[in-house]
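Both complexes shown next keep chain A, but they swap its partner, so chain B is in the first and chain C is in the second.
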Partner chain A sequence: MKPFLSRDNLLLWLKRLLQEYTVIAPVQAWDTVLFQPVKEVEEILLNYDVSALSPKDVFFPTSETLFTFERQGGRWEARPLPEIKKQVLFGLHPCDAHGIALMDVPFLSPPADLHYQRRREATTLVGLACSRARPECFCESVGGGPQDPSHLDVLLIPTPQGYILQVRTARGAALFTGFNVEELEIDNPPPPVTTPVPVAGITEIARDTFNEVFWERLADRCIHCNLCAYVCPCCYCFDIRDYALKGRVERVRSWESCQAAGFTRLAGGYDPRPSKGARLRQRFFHKFLYYPTQFKGQVKCTGCGRCVRACPVNIDIREVASEMQRIGSRVARAA
Partner chain B sequence: MKATSEEVKTSVKKLFEDGSIGHFIGYEMGSDSLRVTPCFLKSGQAASRLVWNPLCANNLSKYLLDFGKVEGKVGIMVKGCDSRSVVELLKEHQIDRDKVFIVGVPCSGIVDREKLLAVLGVSPGEVVAVEDDGDAFLVTIKEGTRRVKKEQVLRGECLVCRYPTPVIYDMLIGEAVSSLPWVGDDYSSVKELEALSSEEKERYWSSELSRCIRCYACRQSCPGCYCQQCFVDQLDPHWVGIKIAPQENHQWNTVRAFHLMGRCIECGECQRVCPVKIPLMLLNRHLLREVESKFSFQPGLSPETPPPLATFKPDEDLGI
Partner chain C sequence: MLPDSPFLPLPARIQEARDLTPDVKLFRVEIEDPRARENFRHRPGQFAFLSAFGMGESPFTFASYPSPDGVLEFAIRRVGTVSSALHELEPGEAVGIRGPFGNSFPLEEYRGKNIIIIGGGIGLAPLRPVIQAVLSHREEYGELLVIYGARTPADLVFAHEFSSWGEAPRTRVELTVDRGNGDWQGRVALVPTVIKELKPSPENTITITCGPPIMIRFVLAELKALDFAPMQIVTTLESKMKCGLGKCARCNIGEKYVCQDGPVFSFSEISRFLEQG
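Up next is the complex of A and B:
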């Protein structure tokens, strides 16, 4: 017997949720799918493939004010941070929850990023397992899966009859207080199968590819449009500037990308990553070498396939991973 | 006859062999059957990689700026729209006519990948090939071949394209296409927008630009955006803040559109790459229509005609 929500019960439960929480969910926005706060249950997409942008901006907004100082009566005073309401991030796929888990490590390791932490603590994650895989999906190759509940408070697995409910945490259980959940004798539907990508062992060989001409050749076609980083569920580069107005200073953090020319330009003009090749290598090295080495964990990729879909010149992380493995084993043989 | 991949391969191979070119910028198949990718050749042997099909969306002309210092001529494959950006780059002295060899291919429309998948109701993995077939595309999927009317699945820019055949070339592969049957009053959507009141326009654009994440992919893909330092990246004077918020998003998108006024050649790359699907071409084409009506000028047709917004005539009467 498994806890189970019929479609009607799910909608009923969501309606109740909306009264108490801010609910952020996938919606049809203009011509595309985006995660946005919803007012009505009917707006929520319960059957979507992949959103244009990942929901990482719920915790790491495209732009946010880190602090504001105002001059009052001849003195500078810090303004209090805005209150953050309890919220539910609903309908994210397991890969996007994986992305949030990968973001948690740098943002929540001491000293934690206060802004990220406040949002993260106010948010419950209710995931939606995938019923189909797009050809660009490869979550299973990077430690995830279409029904992986690991990084979620609640997982819903869609079946023809309704949704199998997996409540994973106390925070998740709190969403069901006073709500009558049925039980049903039902098997999990078979998860869709993703196409494998050779990521295993890539951290060990990545460094061997550092000086390869491959990176500059790959970058010939890169137009450093930054899209790969902006659509990525776990890329977290940012820029910080001060907005100085009369009697008011605001420090703002906005998304940035390591692919942008000048991202690493230092005072005095020196740029340690002056070419497109060096910047492109940085992207894949951060994912496959620096992150796993620094945080003693897995690669910083969730296999969501968004960068593959978005890249206007078809630089494909799946091909890059294969090529790194090929070059790495060649270098190892030569050594 | 329409140009085929085979003709492109043979012609480019010959160009390398007779010394006409030392480099070539073209398309090859990408990581799946619905994607092509730009490719750069240094010899005739590699020409077998080249393809020409209705998936060749990228405007390759901007890559010419990367080839300023190479030996020999650089060959480049251009569609009608792309050829107009080559004209603009020549006019604006960014490239040297003697250094480029333009291989033109008349184009009868490029497929919008997402539209095609939606119309067919298949997943991208199921499509094997897409071919041009007059007023339709022949799409080979695993179960067989389907014929899809072009109007249903063309890219937005191709639906209003006035120049399917390159306006400048050293060699044309395939027969010229004078006009596309589906192109009628190509400014109708612009006119609809122009007919709105100021408040309605403000509401419309505020809503559309609210989702801009300022990735600048529009700028990076635009053949007209080649400034060494873009105004948005300048720190002194600091024109636009980094905040991704309504005011800054408005500043970025409107100033960029103005910089392209009288220069945008409607390849639609900005809109193709926009991750949140902002209708940027509506803004660009509104300004294009202004220039067309005030100066009887269309950009990208002749390298000799000076750009109207960079020309001052004391006796000019614009009626404004």
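Up next is the complex of A and C:
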């Protein structure tokens, strides 16, 4: 017997949720899918493949005011931060929950990034397992899966009859207080199968590919549009700038990309990483070597495939991983 | 209540801003809150972010050894947005400070050793706290040799302190410029050339260098030619950074974050980096 929500009950539950919480969910936005706060249950997409952007901006907005400083008695005082209301992030797929877990590591490591942390702590994650895999999905190759409940407070697994309910945390259970959940004798539907990508062991061989001409060759066609970083559910480079407004200063944090020209350029003009190839290598080395080295071996990729689809010049992380493995094994043979 | 954010700078004030060269000022900065000032303890080699409110914040290494009055010194060249904004500020005006960040020069390990300081241009700023530390505990260290060069005589920072440094026991200050002028009686040569000329011995010696990347490269070559081991050559790296906390993912050189693992590295460490800063 498994806890189960019929479609009607799910809608009923969501209606109740909307009265108490801000609910952020996948909605149709023009010809694409985005995570947005919803007012009506009917707006929520219960059957979608992938959103154009991951919901990482719920915690790490594209642009946010870290502080507003006001001039008081000859000094600049920071205004108190606005309150964050309790909210539910509904309908994210397991890969996007994985992305949030990967961002938690740098942002919540002491000293915690307060601005991220307070949003994270105010938010309950209700995931939706995947019924289909797209050709570019490879979550299973990076430690995830279409029905992976890790990193979620609640997981819903869609079946033809309704939704199998997995409540995993007290925070998740709180959403069901006073709601009558039925139980049903039902098997989990078979998860969709993703196409394997050779990521296993890549951290160990990455160093061997550092000096390969492959990186410059691949980067030749990069137009540094930075889309790969913006659609990535776990890219978290940021910039901080000041804006002087009337009587106040806003210190603003915005998304940034390691692919941007000048990302590492110092005042005065010296740039330790001036070439496109070195910048492209930085992207994949951060994902496959630096992050795993710093943080217990996990690669910084969820296999969502967004960057594969977004890149206008077809730089494909799956091909990069394969090529790194190929070069790595060649170096190993030569050694 | 103020936000308890690691990005929030402490309110501070410029106590003094003095011209060191046509484009470098020495800022003496005082944290406003006496308790915060007391708790703010930096070590030579560390850095802090200074805010010019409305223009942004940038990292600068401390140019002074911690002083009992808690006043912090920064030698800042007017070269970018924030440094230019700081140069516009007058004594008494408000700034913000966030830090200290990073590792420091392991002065304990240098005890009993000869120390060679090799600076170029504004690169003398992060080395000055080491000079001050050695001079104030002179008996604990061996010979001190300061080799310092700038483009022109007018670009030598801390010029008013050279004579007092040179008067200390077992201490030599060797100055050089790339281009002299009418008044300049001293050496006209590049810093690496001075090393070649002086031929310091690597025995029981630590060299600490900071300056433009091109100078560092040739300094390194000269020191290697004199049989200095990479372990005996220490530098402090400059890097673009936004947070100082290992989060903004900008200052990494390979697996190392300059803000957390550095900025002080020996060349035996740097030679193992994947990237070269």
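One rule holds in what follows: the second predicted complex is superposed on the first by the 329 of 335 C-alpha atoms of A that agree within 3 Å, B and C clash if a C-alpha of one lies under 4 Å from a C-alpha of the other, contacts with A are read in each partner's own complex, and residues count from 1 in each chain.
Please note the rule applied: a residue touches a chain if its C-beta (ideal position, glycine included) is under 8 Å from a C-beta of that chain, and two chains touch if they have at least 3 such contacts.
The shown structure was predicted, so the numbers you read here are calculated from the model rather than taken from an experiment.
J.: Fit or clash for chain B plus chain C once both are placed on chain A?
T.: Chain B and chain C fit side by side in the superposed model.
J.: Once chain A of both complexes is superposed, is A:L266 in touch with chain B (first), chain C (second), both, or neither?
T.: second
J.: Kindly classify A:F210 by the partners it touches after superposition: chain B alone (first), chain C alone (second), both, or neither?
T.: The second partner, chain C, only.
J.: Applying the touch criterion given at the start, work out whether A:T293 contacts chain B, chain C, both or neither, answering first, second, both or neither.
T.: After superposing on A, A:T293 lies in contact with chain C but is clear of chain B.
J.: Determine, under the contact definition given at the top, whether A:R279 touches first (chain B), second (chain C), both, or neither.
T.: neither
J.: So, does A:D220 touch the first partner chain B, the second partner chain C, both, or neither?
T.: After superposing on A, A:D220 lies in contact with chain B but is clear of chain C.
J.: Once the two complexes are aligned on chain A, which partner has more residues of chain A within touching range, chain B or chain C?
T.: C
J.: Who does A:T32 touch here: chain B (first), chain C (second), both, or neither?
T.: So A:T32 only meets chain B here.
J.: Please indicate which partner A:D239 is in contact with in the superposed arrangement: first for chain B, second for chain C, both, or neither.
T.: The answer is both, since A:D239 touches chain B and chain C.
J.: Could you work out the angle between chain B and chain C as seen from chain A, using CA centres and rounding to the nearest 10 degrees?
T.: 90
J.: Kindly classify A:S63 by the partners it touches after superposition: chain B alone (first), chain C alone (second), both, or neither?
T.: first
J.: Is A:R119 in contact with chain B, with chain C, with both, or with neither (first, second, both, neither)?
T.: Neither chain B nor chain C is touched by A:R119.
J.: For the superposed model, what is the least distance in angstrom between any CA atom of chain B and any CA atom of chain C?
T.: 7
J.: List the residues of chain A that touch chain B in one complex and chain C in the other.
T.: 239, 241, 243
J.: Could you please specify the touching residues of chain C with respect to chain A in the complex?
T.: 1-8, 11, 13, 32, 51-58, 77, 79-83, 92, 94, 96, 212-213, 238-240, 242-243, 245-250, 252-255, 274-277
J.: What residues of chain A sit close enough to touch chain C in their complex?
T.: Contact set of chain A toward chain C: 66-67, 69, 74-78, 80-81, 106-107, 109, 111-115, 207, 210, 236-244, 249, 251, 253, 256, 258, 263-268, 270, 272-273, 278, 282, 285-286, 289-290, 293-294.
J.: Over in the complex, which chain A residues touch chain B? Could you list them?
T.: 29-32, 34, 52-53, 62-63, 132, 134-136, 220-221, 223-227, 230-231, 239, 241, 243, 252, 254-255, 257, 260, 262, 308, 310, 312-316, 318-319
J.: For a test of understanding, state which residues of chain B touch chain A in their complex under the given definition.
T.: Residues of chain B touching chain A: 30-32, 35-40, 58, 62-63, 66, 123-125, 208, 211, 213-217, 220-221, 233, 241-245, 269, 272-273, 275-277.
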